[in-house]
Amino acid sequence: MQAFTFYASDDKLANRGNESSKKYTCRGINDAACRLAKEVAEEGDALVAGGLSQTPTYLSGLGKVHTQKEFQKQVDVFVENKVDFLIVEYFEHVEEIEWAIEVCLKMGKAVVASMCIGPEGDLHGVPVGECAVRMAKAGAHVVGINCHFDPFVCLDALRKMKAALDAAGLKVHLISQPLAFHTPDAHKQGFIDLPEFPFALEPRICTRWDMHKYAREAYKLGVRYIGGCCGFEPYHTRALAEELAVERGGLPKASEKHELWSAGLRMHTKPWIRARANRSYWETLKPSSGRPFCASLSQPDDWGVTAGDASLKQKTDATTDEEIAELNQHAVNGP
Amino acid sequence: MQAFTFYASDDKLANRGNESSKKYTCRGINDAACRLAKEVAEEGDALVAGGLSQTPTYLSGLGKVHTQKEFQKQVDVFVENKVDFLIVEYFEHVEEIEWAIEVCLKMGKAVVASMCIGPEGDLHGVPVGECAVRMAKAGAHVVGINCHFDPFVCLDALRKMKAALDAAGLKVHLISQPLAFHTPDAHKQGFIDLPEFPFALEPRICTRWDMHKYAREAYKLGVRYIGGCCGFEPYHTRALAEELAVERGGLPKASEKHELWSAGLRMHTKPWIRARANRSYWETLKPSSGRPFCASLSQPDDWGVTAGDASLKQKTDATTDEEIAELNQHAVNGP
Amino acid sequence: MQAFTFYASDDKLANRGNESSKKYTCRGINDAACRLAKEVAEEGDALVAGGLSQTPTYLSGLGKVHTQKEFQKQVDVFVENKVDFLIVEYFEHVEEIEWAIEVCLKMGKAVVASMCIGPEGDLHGVPVGECAVRMAKAGAHVVGINCHFDPFVCLDALRKMKAALDAAGLKVHLISQPLAFHTPDAHKQGFIDLPEFPFALEPRICTRWDMHKYAREAYKLGVRYIGGCCGFEPYHTRALAEELAVERGGLPKASEKHELWSAGLRMHTKPWIRARANRSYWETLKPSSGRPFCASLSQPDDWGVTAGDASLKQKTDATTDEEIAELNQHAVNGP
Amino acid sequence: MQAFTFYASDDKLANRGNESSKKYTCRGINDAACRLAKEVAEEGDALVAGGLSQTPTYLSGLGKVHTQKEFQKQVDVFVENKVDFLIVEYFEHVEEIEWAIEVCLKMGKAVVASMCIGPEGDLHGVPVGECAVRMAKAGAHVVGINCHFDPFVCLDALRKMKAALDAAGLKVHLISQPLAFHTPDAHKQGFIDLPEFPFALEPRICTRWDMHKYAREAYKLGVRYIGGCCGFEPYHTRALAEELAVERGGLPKASEKHELWSAGLRMHTKPWIRARANRSYWETLKPSSGRPFCASLSQPDDWGVTAGDASLKQKTDATTDEEIAELNQHAVNGP
């Protein structure tokens, strides 16, 4: 059970007009998240994790001391709440995640480290395999990838991570938590840059059959922490668990309400729908979009800037209309 | 607040291996649904409705007496629970919905009547305008369309309904409750026939911007009972209410957690995402599917059979593997 | 053998900066075309036809006398050249083609009459079936459709023509000469309105397998003058003749250089290409566009104006840059 | 003026039922091609080239002596006909093209060498840059790429060739002769493997605007022998010449019959078509396919075998029906 502390560092809660830092405080939000997670975890016997993610401080180029200070504020709350382990996730720069891992290890916690990068590596140009090696060498117990790309692009990147870890003789577990959106057209910075992000991603949503395929491929690759990120609905996660029912020693509880491999269609009124009550129908179907006036791929924004670039300096003031107008000019004409 | 009594007639609950009729009984399910709906409705001041839908009895050609007996069993429970009004919905044949309206009116309830048909009319070939006229003449207080087609196809059908009602001098309210899936390629029987139904419809899911457009067009057409059916998520419904904020006299409660017209993007870390914080960006975007190996339109199954056809006789036995195999042959080779 | 006299009326040759009327004269061009056609026809034993098409005079609303005068100038040349029959084709208004048929019949020639319309009828709203009946009643010996739509949309329109002719008890032959471009998205005015017209139609080009299918369907419908219009390449026409080899009593001469039904692939170096040497492979293939950033359908221009509208008054002056700029405004903003 | 001697080696003319070797002989065909080319070249002052391409002998693994013997038979004819230079093109293996270059140089002719490979390199896994270096070191005066990929994929490969040549300090001219078909989905072996090859490539055909873009990009990259291969129509080649009119010192003769940058549309009858008489309209248009039931990308066959594999041994017998059936099994089920 992961406490919902994503992007809950103090600097992020005070960024661009966000009043949460003042209204609720970093400590207040992280503490509430831990308590909620523990409450639910105790309904069963789940472990509880606190989580860190990348910071505006790093993106603005303020350096290691300031960045680690932001992490420390959150980790202090996690330790007070006696979480079982820590997750450092959604980092675009391996340097920053190393700093995060360092803070976590100092507090004596096991660490899962996962970056939001793809096969092209981190935003400073560090290859994806090298990112894995550096996370492992920094002391992370599990390393891998979350967010930014679809399951199959993520697995491409994990394949490179595994090869580099093997070559370096490093033994750590692997984690994959991809999007539930198809992103074959995303470049280095992932789905953030796609024109559909974040309010028109619907045509890209994965089917449960995509998830079956993803679970099987991830398992074969050796990934043992198999999950999902943005866009995952409960039925997607259930599909992962159903695909791996044998390996996991049984079906998940959610399968009680659900006939496996579309068998529920056997009760359908129309005979041609009953004919679809078989797994191979769904596995070979290529679903249509119903959108004949839309293309299949988009051109990502690709501004190509990252930590260190002036345009990425974060600030506490709310964005003005003039700034939006200026950005739109840039978006149309380039820099 | 509509009680969840869809397809909860006794014959449907005992169809093709469904054990609900025996295990929970028609009365039990309809009664529980009414009580749940009332409980929630009392949190505010919502009206409560019970609902009827089409029956296997009709589809099997067993006639008016038997079909109305199925309706009566449900309506008795609705009356005992003192629901405020009745909804007869998801009918493919105007003859059957007339019979349903008759049962409801006898019990003294106001009736909303809505068919799951499109611009091509009902499955027996009755034009969509004539269906509206017949529902109104049967005594329904609100008539219209639900399910089976996307918002814009539904509005095309409603335009024909309105024209026919006007021509007949009939004054009733209109209801539209379309799918949240794009279905430009569906024929008479709607999305049921699309190869993606029901487990691979994801690429067809409407965006919130589609819903804004739908709400506006429906309102302009004169529809005043504007909602949604399969595929609608809470954010879709919120988009309807936000589009019509002025007409409704204010924003819905759910908008408290939501910046209007994508204004929340003003806080985004990346400048090119902040540039998208404006409504016109989203209204003109044609979202890509991320599925370059899929087509945009599908060929529906189009078996072209309906009530009266032998292949549609319903039965209580569970579907066998042999029957599935036979249906698959038919699906590939035609009848 | 049809003389190339398309759009070679005097008013057209002097329209919007066209200097052909002055430089070569209407008589000169039509006469040269007839002589060329006869020369080639005499290589075998082909018939020779002269052709008329719609006029700027009609479009500018100048009436029957002026319009028929334009036709007469061309027909005089055809008669002097003793062509075997006349083709009046590419008319968007049935009224104008009736006037053309009248001029031709007066000169004692057999007439083939074909309009560039689709299932939605002529541009003044006359239904397609009624157009056929009016052409037949005007005395045309063959009636049908050419240009503006793809083979399958044309056949849809011809089906309506045939039904109307049958209902009226009229016996004439049918002609179909569709485009070799797919146009499912074109509205009343056909491919002219598609954004790709005329310099980016490549992705819409029909395959030879489309042509086989078209030839078979046209033949079944009863069409006996089966040909093609814009976009047809010799291999498309050969495919028509090959499909109907049995009905025509043999293969066309061009098949000497061509193995039937892709049998030539049996000689291919790569085994997986030899595997494609069978007709069913090609008939079931759905060819991809290789253009993932393009949609499958376009939004036609649909200005919705026709003969009688001021914007369609033709003139002899060349179009100015200012006029182009103004038109572009209109194209973007609407009228 | 290139003599049409493509695939006219003796072993190819006798492969899989081809009777040309016996009926016309290698010498007869190559000689006739040279004479035709010279005849046409003398109408102006064009140079004449003879061409060699890859051989079944090499593919069947018969070694250098046998392969060069095949080349020698053709080159002897070219020398007798006093062609100005030689083109060795359409080679998938750099080793074979080195052998071809060697034969040509021995006869004292200047040599243009071009492989049908893409960014992934030759079929034995030699990187594309290394292929360029080896061709240059073997003595070719011009090196580059023809066929198998679209203009933009070819330029990607040429970029790698240029970088490798520069790194090796080699100075040779570059040639590009891509397909006129879009092939973003083709893998190592190019369009041969696409399911649409060779009889359903129509939706992939490039527009003239694609060609303008290709010509400009090729020129900028430093390519000076800019042409085209399969799928190029005269209007495509004219577009290359028009784009580079300034660099070439004038327009090509074919532009006499053609208004530049769509200016001919200024004479069009319909005002909305006159509005398209500007280059930027066409350069930004993303043309639709008119094929909503087709995908944008295909899955190539990818058998992944090449010279040395048993399945590629060539033979003189015609392919039997049994062999075709067996290949189809393989195509469906894999090896």
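Note that the chains are named A, B, C and D in the order they appear, and that numbering of residues resets to 1 at the start of each chain.
Going forward, a contact is a pair of C-beta atoms (placed from the backbone, for glycine too) under 8 Å apart; a residue touches a chain by one contact, two chains touch by 3 or more.
Note that the structure is a prediction, hence the values are computed from the model and not measured.
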What is the minimum number of touch steps required to go from subunit A to subunit D?
1
Higher-contact pair (C-beta pairs counted), B-C versus A-C
A-C
Between subunit B and subunit A, is it the same set of residue numbers doing the touching on each side, over half shared, or a different set?
same
I'd like to verify one number: the distance from the centre of subunit A to the centre of subunit C, where each centre is the average of its C-alpha atoms, in whole angstrom.
56
In whole angstrom, how far does the Cα centroid of subunit A sit from the Cα centroid of subunit B?
35
Give, as an integer number of Å, the spacing between the C-alpha centres of subunit C and subunit B.
45
Among the residues of subunit C, which ones contact at least 2 other chains?
185, 286, 292-298
Flag every residue of subunit A that touches subunit C in the complex, lowest number first.
185, 292-299
Provide the residue numbers of subunit B that touch subunit A in the complex, in ascending order.
15-18, 56, 59, 150, 181-185, 192-209, 262, 265-278, 282, 285-298, 301, 303, 311-312, 314, 318-319, 323-324, 327-328, 330-331
Which part of subunit D faces subunit A closely enough to touch in the complex?
286, 292, 295-297
